[in-house]
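In the part that follows, the structures are each spelled out as structure tokens.
In the two complexes that follow, chain A is the common piece, with chain B as its partner first and chain C second.
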Partner chain A sequence: MPFSSSHVFPWPPSSSMAVFMDLNIRVDPDKSKLQRLIDTAAHLGFSTVALNYVFEPSTKKKQEIPVPTPISELIGELPVVQGRSRPIRVLNRLTVVTSDASHFRPNAAEYRRFDLLAVEPTTEKLFHAACMSYDVDIVCISVTEKLPFFFKRAPINGAVDRGVLFELSYAAAIRDSTRRRYTIANAVCLMETCKGKNVILSSAAEKALELRGPYDIINLGSLFGLSDENSKAAVSSSCRSVLLHAETRKTASGIISTSRTDQQEALQDQTDPGDEPSAKRPKHS
Partner chain B sequence: MVRVKSRYLLCEVNVSDRSHLLLLDDRSVGAAVKDAVARTHGDYGAALCSVRFCVKYLNAHTGIVFLRFPKRCYKLLWSALPFITSVEMRGQKIPCFLNCLHVGGTIRTCQKFLIRYNTQQLHRMLPKCKNEEEKQQVRRSILNCSQAWGNKEELEGEGESGEDEEE
Partner chain C sequence: MKHLDQEEESGVYQRAVLKNASPYHYMKVRLVLEDETSRLSAVELKQFILTGLKTLHGEVGAAINFDLLKYDEDTLTALLRVYSSGLVKLWSSLTLLGSYQNQDCAFRVHQVSPFLLALTGNSRDLQLD
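Right, the complex of A and B next:
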């Protein structure tokens, strides 16, 4: 990372070791239901959650990319996280389900309204493109169907190098037995190639009762073929790196980035006393 | 002397409506766990779960459950717990989930943790109190917790009274 995290996020404090996050909670128009979801997440000890808006473009008619509702309108009072004194932090996230290359429009202005950007590719070509070139934070692994392709080393290594993470959600596995099989099969298939690195586990919960406690999720990771430390990272430190990656993505495609300003300051520092050389230059030429 | 080693899981039963918690009993929780293990791990899991598994303690007011698993295979059995979606209590099927708070090697360490956890819950309850009388009662309970450190019986009683206030 070219910058210290404290620049970008005043929170979570760098001293705390494990801060649990759940970066996928389905947004619900019913506010009381959403409030209950957030309350439960805070009670379980998640200090950051992301409300997920799913956007599934179809070829027939043109659809609008959803616009995130401001958090203050959705949730009345943010509950205090279990075991901490701070209120829970809520982010917005967009997931684009792509089945065709035209579905994901890089640099679309609509994407910038969201804190996190995820893509769910359904074909091997798109998976390759998502890993290697798309400007996203998360690549979702489908858990509701058997994967139509195998994971190859090249795109996965590319994604690991670029800092893009893979997401597995467990709520479908809780709902019924066939999807549990697909989830576990796809997860094990992914772990064989990426060896447990760069994976996050999230809930994709629609109801409060579909959330699970962080320690349960960590142990659930063993079913998905993750080792203990990797599955612990999957709910804490990897999620943090998603947030940091989101921050760099925003700033790089925007006007100014945090790392650039540091460099510019450094440049200015250099040029301030060095006004003379620049003045001298015309003499040389 | 060598003793038979176990792992105690301190779990919290989460339901959408807290009044349903009073229907809890240890047999129904045990049956739900056994059922979930059999569903996820098949006959092998069911066999492991039948040996030294039991529900050691249950507090229907706070929804706290102690589960005992053999140490050798507690991770395997624990991985089935997230798949519990409902518990059948007295003929009613109540949707709920188990949230594991602590894993201990003895009941004693779990008890210590539970006292700390319950005190924390009382602290969380304090700002939610509606009138001064409730506040005083919760404050007294918190004080009692720190005085009766290790005296579980007393804490349970206090936990109950605090719980009732929230309703």
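Right, the complex of A and C next:
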């Protein structure tokens, strides 16, 4: 049978397929407030949002890494995304603010409870380490202060190669004009080095009125020095690659994954290996 | 820019061909305020948008010509017309406007189009059976 090229799906999938995501919504103990935030995000057209838990270790006293509350307990009914007739997807995310190398503990079991893992380095050394070696999905760029260091090409290229993305959040720019200056200055500084690739734009909103629609954010991207194309990718396809990168963190490079099976089922499999071909049986040697 | 089809004798339909990029863009925006009972007049709204333009883009931004074509005070929905060159600046200043008279606010941009006719309906609000 001749192979018809029209049936081949284009790869990578065209950008028009990508859905919009906001991977940073501040989690709030007030459930009605959080519900209103999620409702607004769904109404604006975001298909996926991530609830952000911020963990800021201090040197003086030992703090516990926050434990995510299950989504079903936080939000009653998931609202339907505008124009997609599908409920919104809500994820958990942890952001570790590091000012010292000991603050980020690789392989900590507490980190595995979260779907996404982000790190916000405050020194150049830690920024370099976060880009080159930390097993994280997102490196946050500070928008509340003047950047204490320059972005060098080596760590940025390293992060791009490893599939780690940089995050800029815009809620601080809405709140007051000083932070707006810092947001724009730091964003332009980042874009000079990374050329607009591997950047995501998210809200970091605490209130529903701090959220903006996806097309507003795409337009805002041009203010940060992003091209139209990269700007759209920053709220859609780049966010998708964050999620895929998070998957590979849990599995062995996305090739092998382990999951807990039912105890009973596992026992049965062990006692009755007779039907399996010998190649699949574990070797006892 | 405009080409009228003279062959149609009836004159009921006319065909407009836009050869250049259109000079204007039209935006349908709604102002959401924290206190939902407060109302603005059209003049106050335009002044508010102008302040936003000036804080973000300075005097150059404030020099952008835009018009408030239509405004519904009950729903706070407005129809703006702006030169296409000023669209990005106007839109970004609307995005970054966050407070009106010490209360939180947000501009929800519903539609943006180079054609005014496109704003008569919104395909996203259609109820499909």
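Following the convention adopted for this analysis, the second predicted complex is superposed on the first by the 237 of 285 C-alpha atoms of A that agree within 3 Å, B and C clash if a C-alpha of one lies under 4 Å from a C-alpha of the other, contacts with A are read in each partner's own complex, and residues count from 1 in each chain.
The working rule: a residue touches a chain if its C-beta (ideal position, glycine included) is under 8 Å from a C-beta of that chain, and two chains touch if they have at least 3 such contacts.
All of these numbers come straight from a predicted model, not from anything done at the bench.
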Chain A as common anchor, with chain B and chain C clashing or fitting: clash
Touched partner set for A:Asp22, first chain B, second chain C, both or neither: neither
First, second, both or neither for A:Val80, with chain B first and chain C second: first
Partner chain(s) touched by A:Leu209 [first = chain B, second = chain C, both, neither]: both
Chain B versus chain C as contact partner of A:Glu247, first or second or both or neither: neither
Which superposed partner A:Asp115 touches (first chain B, second chain C, both, neither): neither
Touching partner for A:Arg36 - first (chain B), second (chain C), both, neither: first
Touched partner set for A:Glu167, first chain B, second chain C, both or neither: neither
Partner chain(s) touched by A:Leu220 [first = chain B, second = chain C, both, neither]: both
Partner chain in contact with A:Ser177 - chain B first, chain C second, else both or neither: both
Footprint overlap on chain A, where chain B in one structure and chain C in the other make contact: 44, 82-83, 170, 173-174, 177, 180, 209-213, 215-217, 219-220, 222-223
Residue ranges of chain C in contact with chain A within the complex: 32, 34, 55-56, 88, 91-92, 94-98, 104-106, 108-109, 112, 124
Contact set on chain B toward chain A in their complex: 14, 16, 39-40, 75, 78-79, 81-83, 85, 95-101, 103, 120, 124
Partner chain C, residues of chain A touching it in the complex: 44, 82-83, 170, 173-175, 177, 180, 207, 209-213, 215-217, 219-220, 222-223
List of chain A residues in touch with chain B within their complex: 36, 40, 43-44, 80, 82-83, 170, 173-174, 177, 180, 208-213, 215-217, 219-220, 222-223
